[in-house]
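You will see two complexes here that share chain A, one where it goes with chain B and one where it goes with chain C.
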Partner chain A sequence: MDKVMSNRLVAALYVLPALLLLLVLVYIPIVLTGYYGLMQWDGIGAMTFIGLDNYTRLLQDSTFWQSANHTFLLALFSALSLIGYLMIALVLSGKIKGANFFRKIYLIPMLLSSVAIAQLWLKIYHPSNGVLNSFLEAIGFSNPPAWLAEPSLVLYALFVPILWQYAGFYILIYYAALKNIPESLIEAARIDGANPWQIAFRIKLPLITEVIKVTVVLAVVGSLKYFDLIYVMTDGGPNGSSEVMASYMYRQAFRSFDFGYGSAVGFFLLLICLVVTWLLRKATASKDTIQYS
Partner chain B sequence: MKMEPAVRLPVGPETGHSPAWMRRIGYVLLYVLLSLVALPQILPLIWLLLFSLKNNQEVFDMAPFALPATPRWENYVKVWTEGNISLYFFNSVWITVVSVVFTVLFASLVTFAITRMRWKGRSLVLGLFMVGLMIPVHSTLIPLFSLFLKLNLTDHPLSVILSYIAFNMPITIMILLGFYYALPREVEEAAVMDGCSVNRIFFRIVLPMTASVIATTAIINMIYDWNEFIFVNTFISSDAYKTLTVGVQNFIGQYTTDWGAIGATLMISILPILIAFLVLSERIVEGIAAGSVKG
Partner chain C sequence: MNKKTLAMILSWTLILAVILSGCNNSGSGTSKESGSNASGGDSGGDGKVTLKFMHLWPAGSSAQQNKLVNDIIQQYQTDNPNVTIKQEVLENEQYKNKLKILSASNELPDVGVTWAAGFLEPYVKGNLFAPLDDLLKGDLGEKFIAGTTEAYAVDSKTYALPIELNISPIYYNKAIFEKYNLQTAATYDEFLNVVKTLTDNGEVPIALGNKDRWTGSLWYMYLANRVGGDALEKAINGSGKFDDPALTQAAAEVQKLVHMNAFNKGFNGLSNDEGKSEFMNEKAAMYLMGTWELPNFTTNPDIPQEFKDKVGFFKFPTIDGGKGDINSWVGGPGVGLFAAQNSKVKDEAQKFIQYFVEKWGESSVTEAGVIPATKVDTAAVQLPQLYIDLLNELNQASSLTLFADVQMKPAAAQAHLDMIQALFGKAVTPEDFVKNHQAAIDKGN
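Presenting the complex of A and B:
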């Protein structure tokens, strides 16, 4: 047994295709992003080493910081929306007939491509013929706004479909975690006279703390690198009022052909993701994790 | 991975302490709440289906959710035959199929080697794959672009396929891991006694045993690959290799005023996923719950 299953040559052959792809297409590019950030480079011609110039430029670039603020705002909203998803999952995980059906309905938007969602919501937000403004006019608002053309509104208008897209995903994760709690625990509490609120908040929630922590990290980091809907729906406009970090990076590199500066933004984005993950992990770390056996 | 408890107790959402009418009202309120959340998830899609079957005049003059007098299926015929949508569709199909097959095969090989075989550095390799889950795609985009440029792979489907395989590998391995750890070792031990080689054990015994989890990872990969946008948008420039997501985006640019055509295009692009969801929803739900790291 041991001899056959510790055949190094076979193990190497099994692991290498995937490992090579991972190293060449994921890890090496990460290192290169940091390296390109030290260069002046248009993506095609020769690179010139300029030290930390791109990074100092980044720190003073008010457009970048504006887009960073938008990104942080999205992260905040995403994290707060988790509370709502958790409540829905708590309801679903009770003895609700059709819980399975609802759970699947909630999940549908997550299966669609960002482009389809973006194009659909462009139509929903259409100033004159969109379903949103048709509805608002029908209930008496005479002059509903052009949601995506209004600098003060556009960012929040974009948050709606972004949160919409991922709602079912988080509800599903919470639901799965809640359903994993042994029924005997809930039953014991019920026999001891706990009411539904107590069961939900004193027993169920504490038992899925670990899952909640993971989702907070997912929601925040997912928001930090968010790109798709914003790129398709507004391309950061009007006038930068919906630009986020990833779309700013894309613009610098693939529109302005400033690959050096774009790489610096990309590397900064990576650092922020890693630091925030680490901070969140640290902030929510607890020595005594509650377990059920 | 069934989440439902084995026995369902006949107890309502409220315990037995409150009177029956209060419990009933509680029930109704809960359903109202759940439906209020469900409506925004589903209504936009119904609206999309409806306006894909209307002409502009009907879109502008009728109530948003009114049925068209006669459904205009010609919108679908038109976008399928006139533009490149059918080309993009088949590009999406073959690029997705190739990527899914190789992702699942490579991931199965790695997971097998890590969980069933003994060699130094197993945990390091596993760690590398798991850390890969946290790396933002956008931070790798510029070096990837320049790498493919050097290899003459820009505007080549291989750039997209290789990227899909590499970036979906961690999540696929993660879903497979739990299943592989739970596989009984007796079968392999018996096979080794009988003188089977590792290849034979993997391809003839273990791989068939993992068919159900392979289906789960395949469908999850299919969703990610079918919907992927940023790689195609960045690496591919000629129509011949564009997939639906990017193709739809360009195509809609030309049809900005024809709502029916846009609706039909979008419906065509989401239909395969919706059908897969109708047929395989349990697997999808399971896969997403198991691989909850990708969001």
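Presenting the complex of A and C:
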């Protein structure tokens, strides 16, 4: 086997299919998107080269920056919500009754498709006969807000199902990581007289730092490119108050038929994601990795 | 860690790529396709022909239309055994996206469905649709209601044949009106009175789902028409300006209605379907919508008869001192059929379109409850009264104003729709509303 792999030609042959797929499906489209971003193009007719005009327009486009703002807000909330998920996972990983049951409960939203979740929450948020407003009226609020029609509320109303949707995923990751910690370490700590808080914060958390870093990157990058629930539930409205970068890109390319500008937005989004990921990696880089032994 | 991050970046770029990579090779496609045109052009005679037909009536959401389409195709295939018609069916929004992507790679189906005016124009400019004037020269041309095919004409050539014609009345719930002793309104002042009486009694006067935005546009268009006649059309086609005071006044009237709580709560966050259900569940008294909703108020077996009996309609009232006339409607032709310019079986495609339009005209009212763009002999067919009344209104119509977002070019249409939502949400003043419209129109032309 070693002999086969040392033959460069054979090695290249094995790598080739995956490389080709990657090239065709990922890298070439990225390059093309960058190229279209330099064009004025409605998607049908001839393209006109306009250099960086799309990008200058982008930098001055207040609607884009508004949607970028919403996106970063979502990223912030997603990152903060990880703390809550971590707490839940800590509790579940302890030996409490029904942990298994709760773990399944939290995981269920992940099994639903985004569109189903969107439909579900549309019903919950319905201004006159939704569950939420019926409940609020029952406990005495006379005029509860129309959640998805109120420009100042709509974004936060959308964050709830988005965060809820991914809760199970992160809880599961944390749970698995926590379960991976050798029981002997915990026992040793207990013999030394550590209380549950100390065990959680001094032993368990430091041991899963690597996992936490990964989830932070996942949550932030996932939020930056977020699209589906927002598209189905509000379509970026009302008046763009729930528009995010990806939905703005979609709107420009497929609604206004401005593929050149849409591509520029897409390419810019890619750059932002790369930079943010790089920054996060920088910020969380540590030289000494904590080992179990 | 490293690998996971990388995988994450790659997987999301993939998503991005999939979204934006529909735009490949439009340039090279054209030359290849036109080359093969010559060899494939004669296949209408004896050989086997396969026609690709893409439309937007899925069996689920447009059951009756879907059945009618299938019947017509079945019949056509029996009459022309050498022809096989392959359907591709998509839901409205997806249909628009797919059409866009297919045209970018110059792979349009032989026959497809399009909208009029501003929607059609980029496709015509891109030389993707074939002119259908030859079809109009024969008997078929006379069957259309005057003025309907013009909406599909660019530079005096017609690029699609309409199969639907719609007008938009205000439907109302007779039971709710009776309860408060209300009459249908002929003037706008009476209308405002109706609204006020209903709100005073805790009823919701008007059902509206303005997340979709074109729904609110209907209200603005009618008000603009009743105040300023054809001021809006002129401003859109460039022969007038949006600074016409009538257009500002119409915008102010919209906000006045919002201020009176004329619309159901949270309308800006509700889709048209959700808005409609307020009317269907008798929680709102009125609903302004196109005649495509008629099956729900007449023939649809899923809707209880008691509700259907309660639905009536009235024309959008006139405004004192306004230029609009009560018989001028917002509406016009809906979708039409086009033949692709680069189709290898263009002749066969045109034959099919002619056949389809004729058959559709004969049976669409009775079978699907759709008003066709061809003339209907109301005496010869058995129809619910609501249809007959509206068809008669259609015959008396003094003018039909095409939906504003269809009249405009795509980018301007988006600006218009966004502005409509902002106007209804009181996020923009009537003055800025018209200013932003003018800016969008100027940019587009």
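We adopt the following convention: the second predicted complex is superposed on the first by the 271 of 293 C-alpha atoms of A that agree within 3 Å, B and C clash if a C-alpha of one lies under 4 Å from a C-alpha of the other, contacts with A are read in each partner's own complex, and residues count from 1 in each chain.
In this text, a residue touches a chain if its C-beta (ideal position, glycine included) is under 8 Å from a C-beta of that chain, and two chains touch if they have at least 3 such contacts.
Everything quoted here is computed from the prediction, not taken from an experiment.
Visitor: With the two structures overlaid on chain A, would chain B and chain C clash, or do they fit side by side?
Guide: clash
Visitor: Name the contact category of A:Asn195: first (chain B only), second (chain C only), both, or neither.
Guide: first
Visitor: State whether A:Val221 touches chain B only (first), chain C only (second), both chains, or neither.
Guide: Both partners.
Visitor: Tell me the contact category for A:Pro29 with respect to chain B and chain C: first, second, both or neither.
Guide: In the superposed model, A:Pro29 contacts both chain B and chain C.
Visitor: Between chain B and chain C, which makes contact with more of the residues in chain A?
Guide: In the superposed model, B touches more residues of chain A.
Visitor: A:Gly240 contacts which: chain B (first), chain C (second), both, neither?
Guide: So A:Gly240 only meets chain C here.
Visitor: Looking at the overlay, what does A:Val154 touch: chain B (first), chain C (second), both, or neither?
Guide: After superposing on A, A:Val154 lies in contact with chain C but is clear of chain B.
Visitor: Applying the document's definition of touch, where does A:Leu111 land relative to chain B and chain C: first, second, both, or neither?
Guide: first
Visitor: State whether A:Thr56 touches chain B only (first), chain C only (second), both chains, or neither.
Guide: The answer is neither, since A:Thr56 touches no partner chain.
Visitor: Contacts for A:Gly262 in the overlay, against chain B (first) and chain C (second): which applies, first, second, both or neither?
Guide: Once the two structures are laid over each other on A, A:Gly262 reaches both partners.
Visitor: Which holds for A:Asp42: it touches chain B only (first), chain C only (second), both, or neither?
Guide: The answer is second: A:Asp42 touches chain C but not chain B.
Visitor: Mind sorting out which residues of chain A both chain B and chain C touch, each in its own complex?
Guide: Overlap of chain B and chain C footprints on chain A: residues 22, 25-26, 29-30, 32-33, 36, 43-44, 214, 218, 221-222, 225, 249-250, 253-254, 259, 262-263, 266, 269-270, 273-274, 277.
Visitor: In their complex, what parts of chain A are in touch with chain B?
Guide: Listed in rising order, the residues are 1-2, 4-8, 10-12, 14-15, 17-19, 21-30, 32-33, 36, 43-44, 88, 91-92, 94-96, 102-116, 119-121, 123-124, 129, 131, 134-135, 164, 166-169, 172-173, 175-176, 179-180, 183, 187, 190, 194-196, 214-215, 218-219, 221-222, 224-225, 227-228, 232, 246, 249-250, 253-254, 259, 262-263, 266-267, 269-270, 273-274, 277.
Visitor: Tell me, which parts of chain A touch chain C in their complex?
Guide: 22, 25-26, 29-30, 32-33, 36, 41-45, 122, 125-128, 146-151, 154, 210, 213-214, 217-218, 221-222, 225, 234-235, 237-240, 249-251, 253-259, 262-263, 266, 269-270, 273-274, 277, 281
Visitor: Touching residues of chain B toward chain A in the complex: what are they?
Guide: Against chain A, chain B makes touches at 3-5, 7-9, 11-15, 17, 30-31, 33-34, 37-38, 40-42, 44-45, 47-48, 51, 59-60, 63-64, 106-107, 109-110, 112-114, 116-119, 125, 128-129, 132, 134-147, 149, 162-163, 165-167, 169-170, 173, 188-189, 192-193, 196-199, 201-202, 223, 226-230, 234, 244-246, 248-249, 252, 259, 262-263, 266, 269-270, 273-274, 277, 281, 284-285, 288-289, 292-293, 295.
Visitor: Tell me, which parts of chain C touch chain A in their complex?
Guide: Chain C reaches chain A through residues 1, 4-5, 8-10, 12-21, 23-24, 26, 96-97, 100, 103-104, 122-123, 125-126, 128, 210-211, 213, 264-270, 274, 278, 283, 410-411, 414, 418, 421-422, 425, 427-428.
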